[in-house]
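Chain lettering (A, B, C, D, E and F) follows the sequence in which the chains are written, and residue indices restart at 1 in each chain.
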Amino acid sequence: MFKHVDYLQFQARPEKPDAFFAAKLQELIGGQYGEMTVMMQYLWQGWSCRVPGKYKDMIMDIATEEIGHVEMLTTMLARLLEAGPNETTEKAAAANPVLAAVLGGQNPQHAIVAGGGPMPTNSQGVPWNGGYIVASGNLLADFRSNVAAEAQSRLQTSRIYNMTDDTGVKDMLQFNLARDTYHQQQWLLGIEQLLDDGFIDAPIENSNMAEEKAEQRRTFYSFDPESTAGEGRWANGHSLLGEELVYVPDAQPLTDDKPIGPAPDPKLFVTYAGDMGKGTPGTAGGAYASGMKNVAKKVKDALDG
Amino acid sequence: MFKHVDYLQFQARPEKPDAFFAAKLQELIGGQYGEMTVMMQYLWQGWSCRVPGKYKDMIMDIATEEIGHVEMLTTMLARLLEAGPNETTEKAAAANPVLAAVLGGQNPQHAIVAGGGPMPTNSQGVPWNGGYIVASGNLLADFRSNVAAEAQSRLQTSRIYNMTDDTGVKDMLQFNLARDTYHQQQWLLGIEQLLDDGFIDAPIENSNMAEEKAEQRRTFYSFDPESTAGEGRWANGHSLLGEELVYVPDAQPLTDDKPIGPAPDPKLFVTYAGDMGKGTPGTAGGAYASGMKNVAKKVKDALDG
Amino acid sequence: MFKHVDYLQFQARPEKPDAFFAAKLQELIGGQYGEMTVMMQYLWQGWSCRVPGKYKDMIMDIATEEIGHVEMLTTMLARLLEAGPNETTEKAAAANPVLAAVLGGQNPQHAIVAGGGPMPTNSQGVPWNGGYIVASGNLLADFRSNVAAEAQSRLQTSRIYNMTDDTGVKDMLQFNLARDTYHQQQWLLGIEQLLDDGFIDAPIENSNMAEEKAEQRRTFYSFDPESTAGEGRWANGHSLLGEELVYVPDAQPLTDDKPIGPAPDPKLFVTYAGDMGKGTPGTAGGAYASGMKNVAKKVKDALDG
Amino acid sequence: MFKHVDYLQFQARPEKPDAFFAAKLQELIGGQYGEMTVMMQYLWQGWSCRVPGKYKDMIMDIATEEIGHVEMLTTMLARLLEAGPNETTEKAAAANPVLAAVLGGQNPQHAIVAGGGPMPTNSQGVPWNGGYIVASGNLLADFRSNVAAEAQSRLQTSRIYNMTDDTGVKDMLQFNLARDTYHQQQWLLGIEQLLDDGFIDAPIENSNMAEEKAEQRRTFYSFDPESTAGEGRWANGHSLLGEELVYVPDAQPLTDDKPIGPAPDPKLFVTYAGDMGKGTPGTAGGAYASGMKNVAKKVKDALDG
Amino acid sequence: MFKHVDYLQFQARPEKPDAFFAAKLQELIGGQYGEMTVMMQYLWQGWSCRVPGKYKDMIMDIATEEIGHVEMLTTMLARLLEAGPNETTEKAAAANPVLAAVLGGQNPQHAIVAGGGPMPTNSQGVPWNGGYIVASGNLLADFRSNVAAEAQSRLQTSRIYNMTDDTGVKDMLQFNLARDTYHQQQWLLGIEQLLDDGFIDAPIENSNMAEEKAEQRRTFYSFDPESTAGEGRWANGHSLLGEELVYVPDAQPLTDDKPIGPAPDPKLFVTYAGDMGKGTPGTAGGAYASGMKNVAKKVKDALDG
Amino acid sequence: MFKHVDYLQFQARPEKPDAFFAAKLQELIGGQYGEMTVMMQYLWQGWSCRVPGKYKDMIMDIATEEIGHVEMLTTMLARLLEAGPNETTEKAAAANPVLAAVLGGQNPQHAIVAGGGPMPTNSQGVPWNGGYIVASGNLLADFRSNVAAEAQSRLQTSRIYNMTDDTGVKDMLQFNLARDTYHQQQWLLGIEQLLDDGFIDAPIENSNMAEEKAEQRRTFYSFDPESTAGEGRWANGHSLLGEELVYVPDAQPLTDDKPIGPAPDPKLFVTYAGDMGKGTPGTAGGAYASGMKNVAKKVKDALDG
């Protein structure tokens, strides 16, 4: 169960409105790595976590914090949209070339749909969707996803940080940058903890490990004759599992199996060349196949003119 | 530019058809972490890579391999669908309770849309989409995403591996499991290489680091009074940046700023309570606001009966 | 800012697992009117609400409750999936025809993607998306949307309630049904309050009312000569605005304006019949248009054989 | 079956082209509450309506009208795009700062994809989708949805109305505003009719009402200690069902049930702490679990350096 | 403007209900090539058609017919769902193995969301979307798309036709098959008419033809050394434009241009190797770049242990 | 299996950067008919092709070429984005009205998400998705789809070609235009080959032809009394199957069947008027239906005041 406190975790006070920057800021709300994603991803992982105690509590704590981050960003967005240029275009732009850029670059849904507020979409207007969430129940795999999400999220925040001079906006983003720095580490330290607690014995997902092909577990295949990929750490020395790494230049197929399907069910009218020969009844959806030979003949006559 | 060799990288020969398992296998083709995702993600990262030489070559090599993995899986799927149960349901199910399950669980689009072949969708029929791709141009952030993608992909492969007894299917999945084991390491070793080559100075994304709030970079905030999250590694000792970690139980707002937007543009008809008082013209889209007081009266009379 | 209490608002204890029912229950989590929708819709409306005090507090209170409802449903789902049938199909179904139905009807992503937990999708596997959210800033319009959302949500809960005999599941759904009953009224009483407080002067959205066409505001147009729609309340008596209702049978166009666009920009190669005559340069993207008369002739010759 | 008359229901004659405004007008065609939504929603409800006579006829009549509204808007859009600025940007913008705004704000798909015509998308280019449609077969629930749809649609029309000075555009939108005013009432009067005809006995969805928890049907729970929500009509007096309303400040969990799933199927490699103790085979997908102890040791050695 | 006649164009009377078949039939309603697609595609093309007279009238006529086809299919679907198996699963399946298949294969949204009616989705539950519509304003390109749509639509109808023994369903599908046969021809004959009327001078889209590279207009490139593609008509004889066809086996790049981007803007923190050398400030988002050398050192120390 | 050669198929060298044009060029990468679509569509068709030899080889060859086309376009895009205007808006626009347009019209994700590179989206930011792919296994139907795809793709390329003066961009697009000209013909010639090889006996999809209604196969129905569609080739002379074409003006329903569903399952709470009379238990989800007559009375009293 959740509770709400009617104050922001950290202040969201822009110096002045900026509808154009607001359009960009949407990426941090409803983008692939916006705050909606980490909020929902951590809630989902917390609810799916089967390890009560410090792991589950940690995930639920950060999930709860992230709901508040969406709150901070939506508040910031509404304030950036104050007195947005919702007038008729021509008059406004004629008077002010700066406004012309703003007009062109602002998000029309901010006015039309949201009445001067945030949208649950990215910076191009695409709605956030549940396909962004990662929650497998396997803490190693999910912590890896979380490190990645915080890294991408921080990078985007950092890029957007450089797109404004507003000290109020920058102040809040400095808080967000710091949280992403901490959270990246939180998940990496979480992997350390999983190793310490004996939940995993390697920092990579390795279920059913005894079943996998041993050779392909340590081999880099190159598919370009001029590739220099063999010079990298990934092709030299030992793997994280202690096995010697192998580099295979100009890799060849490991089988003579060709990518072709079996003869199809005639009822599906798939074109094929089976042992009944080409053009056999049922193979290509022809009139002939249906026993309509006279119609087929008419067709041929018609085509022949 | 690309070339094609008309053999599979590794064989895809099931012992016998299994339309129900084929429906599940779609997750490994068109799911969030199916082969289409890594194929497109690595192609995109390779094309966007600004470091010619071993990094770009390595990314393009694995991208090229992954196109071949989609080829292996689509071939396997077509073979699993051979002689699929496309008959009328009642007859088939009456004769065979096993078939009843298969009929219920198979993917109808395999027959109707693809004619006994694979679909570019996940195991629930949702089309693959470009929103799954991660390619930021920042190699650290992207390698983190790639480790995560390979971990999730391997976990799903491993779960599906346990859902079949078909030795031919298992043989191919043992190859796929091994590649995912290798590829997870490839990206982790790639981060080692980035550190060695001086492209990064920390294993986390830390652009604009001098700007961020120093305190929030090392602090865990808890939002549940009974949380035990303070017991974990993420709240004790030093961070990866060498700073002492701080744990804040039952965190409080850091500001008295409340989440409320400014007075809206009257032309947007947003409800608000401004200094003009409640119900002021324009605030709530009322007839009164539009100067139609007589209509407003009629409305009231009508409502009052 | 939000806080979390590690107890459910109401218990979620099924008598026994039921993977098939779990697949259906997804509709109440990630469907168009699942709990994710009302949770996000009310959070969004709360953050966008410009009336501090009882309105904003009320919206935030219900939003906070709804986060806890998603928590209840995801917990219930994980428990319904305990010991889910993740074995190979054939063995399982052969032994048990009931299981055959379950196998066919269960959601494969529950095992493959979520490891025996809930998905952020509807009962057909479609990811929840932000396009379901309604938050305009206009409280009347949004309260109308909320009444509708609670009505649809309750109806779906009621239908699903009739699809199980599990007394534990039914117990929780009895709580959910009651909340939807209350919440429908909450929003209707909210409209009463808006009228009482003078934020609106009619129970319908009527901004810019002085501008609209007076005649079309009170007229029902019928487009089927045999329609009996004229017998309804909507075509007889007075409107909610106190105006006499008008019924127009077999309605005719009110204009002689035809649905045709202007002559297109030749650079867009749109087919059209302008005053330059048919086939004029640029009109249909032809070789002739491009000055390639000799090629055009070759084409004609080739086609003529 | 349908018929077409080649005249618009109401004229769609702009004074002059305006590609920028056309981009915004897309919201009224393919947005969440654009004309495509009401057209498809009413068609769907009409086809699903099980009450022949005035109800079904009324729904089909308005559905048929709405097809014509999409026709009006697409015609208007094509006319607004006449002579759209499809030239190279630099020349155009250098000559004319107003044009700079238009260029930035226009929809590139209007020229590239549609050849100077409308798109089946919203103002941000997101394609219209069937997830916007509501059609449950329950007339009360659906009429509630329809009131909401008309209110949101009218509000958006009203906001867009204020974004243009074109008297021709305004003339058509005055017609649309009036229709939305009428249609909101039509659905509210439809609910009156349902009550009069005895199809429902309350203006809220209340199926399975005898089953729901009686207490939670009349209770407002607050989750913020400082909330003032208790001052509203929704927490005072009697409900629409005649029951006394209850206000619960600072609500507490009604159960000691915690949000945690059961022990997972080992074949799914979900991390958990079961009675077998932490790190037990199968719990976290480890090499140890797979019997590969020697590999596990190698891993540890490799990590330990 | 449109009108409605309350009779189906052709009868939709199944012999008996079949919820499983109904789930498959959804593909013909809301699939990529279902009736919603052709209905909306032709409406859109008709509204965008700039050639008044027989072309525009023909497109509007078929569009109007297709609205009626969706009506036929939704009616059929509701009838197939009569008395659908909405009971609890276990009881039902235990009694009847045929029902087990139906239960597993039916669409849960038919009951939960639509109350025993059709959904605006495909056979896997994915909502229909506007991205399926093709309407470019260029009649040749659009007629080509329409031939393709009718061919795919007919093929799917034909496959589904073979999945039922119900003579009532088959009767209606025989009508639909015939319409698709006619409509394929209608669009091909439309291309004949465009040629006759001089709107096009070739049966392929060839705008800006004088600008394109002449050599690449007639050349087949092969990218597999063992390809036998050179044996086909597409690589031998003359093209439809009268030019000699060329076959290039084992094609090589036509340029020495490599797929690499320029040096990125430092503010975007993209990893690159520019002339400032590797690891230069700004290139990889490092702490060093931000002037935080002391922090960078701490990081290194922490990592070195 | 695939291989990569680290050179472009054709050069992609713009004269100078142009972020605004780059935003438009996205349509050719990730739009409905962008290069991602043909790449994936042909790969999919190739993998699903059941005719080994020249057909399968031809499809795989063009699929392999198209991967290289995406590579060319993504490279071009990265170069067009060099030194993109990622600064703060106001300063930039004030200095330069041309830049104002560029700023408004550029794609914010190019900087924020991709770091100055391409996105897997269309020109409006909508992610590419697998729903664009057509691959039925029936070569005739698929070749028809491919002709259409190449025609639409070429048309869009041609429109974009006219939107730039950059000779480097134009040079590459001249190559792309030519390939689309060739590829349109390749698929049309492929249909010729299918006829020659006896895989089909008519140039239209005609499976199950003996089953379809003979009359409706050759009839044009008009649904507008003033339609002139009867003047076209599609309503006069003989069909491609050699049958006489029929034109039916002002078409009437062919049946007295009305579009109404059967009485619904009472457990679904669908409103209906069955033989049990209106308002009968279960029909409309009322309290009365649930046996709660006393509650129903309270409701009535409350409503009556």
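Everything that follows uses one rule, which is that a residue touches a chain if its C-beta (ideal position, glycine included) is under 8 Å from a C-beta of that chain, and two chains touch if they have at least 3 such contacts.
Remember, predicted model here, so these are calculated numbers, not experimental data.
Chemist: Hey, how far apart are subunit C and subunit D in touch steps, shortest way?
Modeler: 1
Chemist: Compute the rotation angle for the C-alpha superposition of subunit A onto subunit D, expressed as a multiple of 5 degrees.
Modeler: The superposition gives an angle of 120 degrees.
Chemist: Copies subunit B, subunit E: same or different interface, half of numbers shared as the threshold?
Modeler: different
Chemist: How big is the gap, in whole Å, between where the Cα atoms of subunit D centre and where those of subunit F centre?
Modeler: Distance between chain centres: 23 Å.
Chemist: In whole angstrom, how far does the Cα centroid of subunit A sit from the Cα centroid of subunit B?
Modeler: Comparing mean C-alpha positions, subunit B is 5 Å from subunit A.
Chemist: Residue numbers in subunit C touching 2 or more other chains?
Modeler: Answer for subunit C, listing residues that touch two or more other chains: 1-9, 32, 47-48, 53, 55, 57, 60-61, 64-65, 71, 74-75, 78, 86, 97, 100-101, 103-105, 111, 113, 115-117, 121, 124-127, 129, 131, 136-138, 140-141, 155-156, 158-159, 162, 203, 205-209, 211, 223-224, 227, 239-241, 253, 258-261, 263-264, 267-270, 285.
Chemist: What residues on subunit C touch subunit E, complex-wise?
Modeler: On the subunit C side, the touching residues are 18, 20-21, 23-24, 27, 31-32, 97-98, 100-105, 122-126, 156, 159-160, 162-165, 223-227, 253, 258-261, 263-264, 268-273, 278-279, 283-292, 295-296, 298-303.
Chemist: In the complex formed with subunit C, which residues of subunit A make contact?
Modeler: 1-9, 30, 36, 40, 43-44, 47-48, 57, 60-61, 63-65, 67-68, 70-71, 74-75, 78, 113-121, 127-131, 133, 135-138
Chemist: Please name which positions on subunit D make contact with subunit F in the complex.
Modeler: Those residues of subunit D that touch subunit F are 1-6, 47-53, 55-56, 86-90, 92-94, 97, 99-101, 103-109, 111-113, 115, 121, 124-127, 136-140, 194-195, 197-203, 205-211, 238-243.
Chemist: Spell out the residues on subunit C that touch subunit F in their complex, using ranges where they run on.
Modeler: 155, 158-159, 162, 267-269, 285
Chemist: Looking at the complex, which residues from subunit F come into contact with subunit E?
Modeler: Result: residues 5-13, 32, 53-55, 57-58, 60-61, 64-65, 71-72, 74-75, 78-79, 81-84, 86, 111, 115-117, 126, 129, 131-132, 134, 136, 138, 140-141, 144-145, 147-148, 150-152, 154-156, 158, 161-162, 170, 174-175, 177-182, 184-186, 188-190, 192-193, 196, 203-209, 211-224, 227-234, 239-241, 251-265, 267-270 of subunit F touch subunit E.
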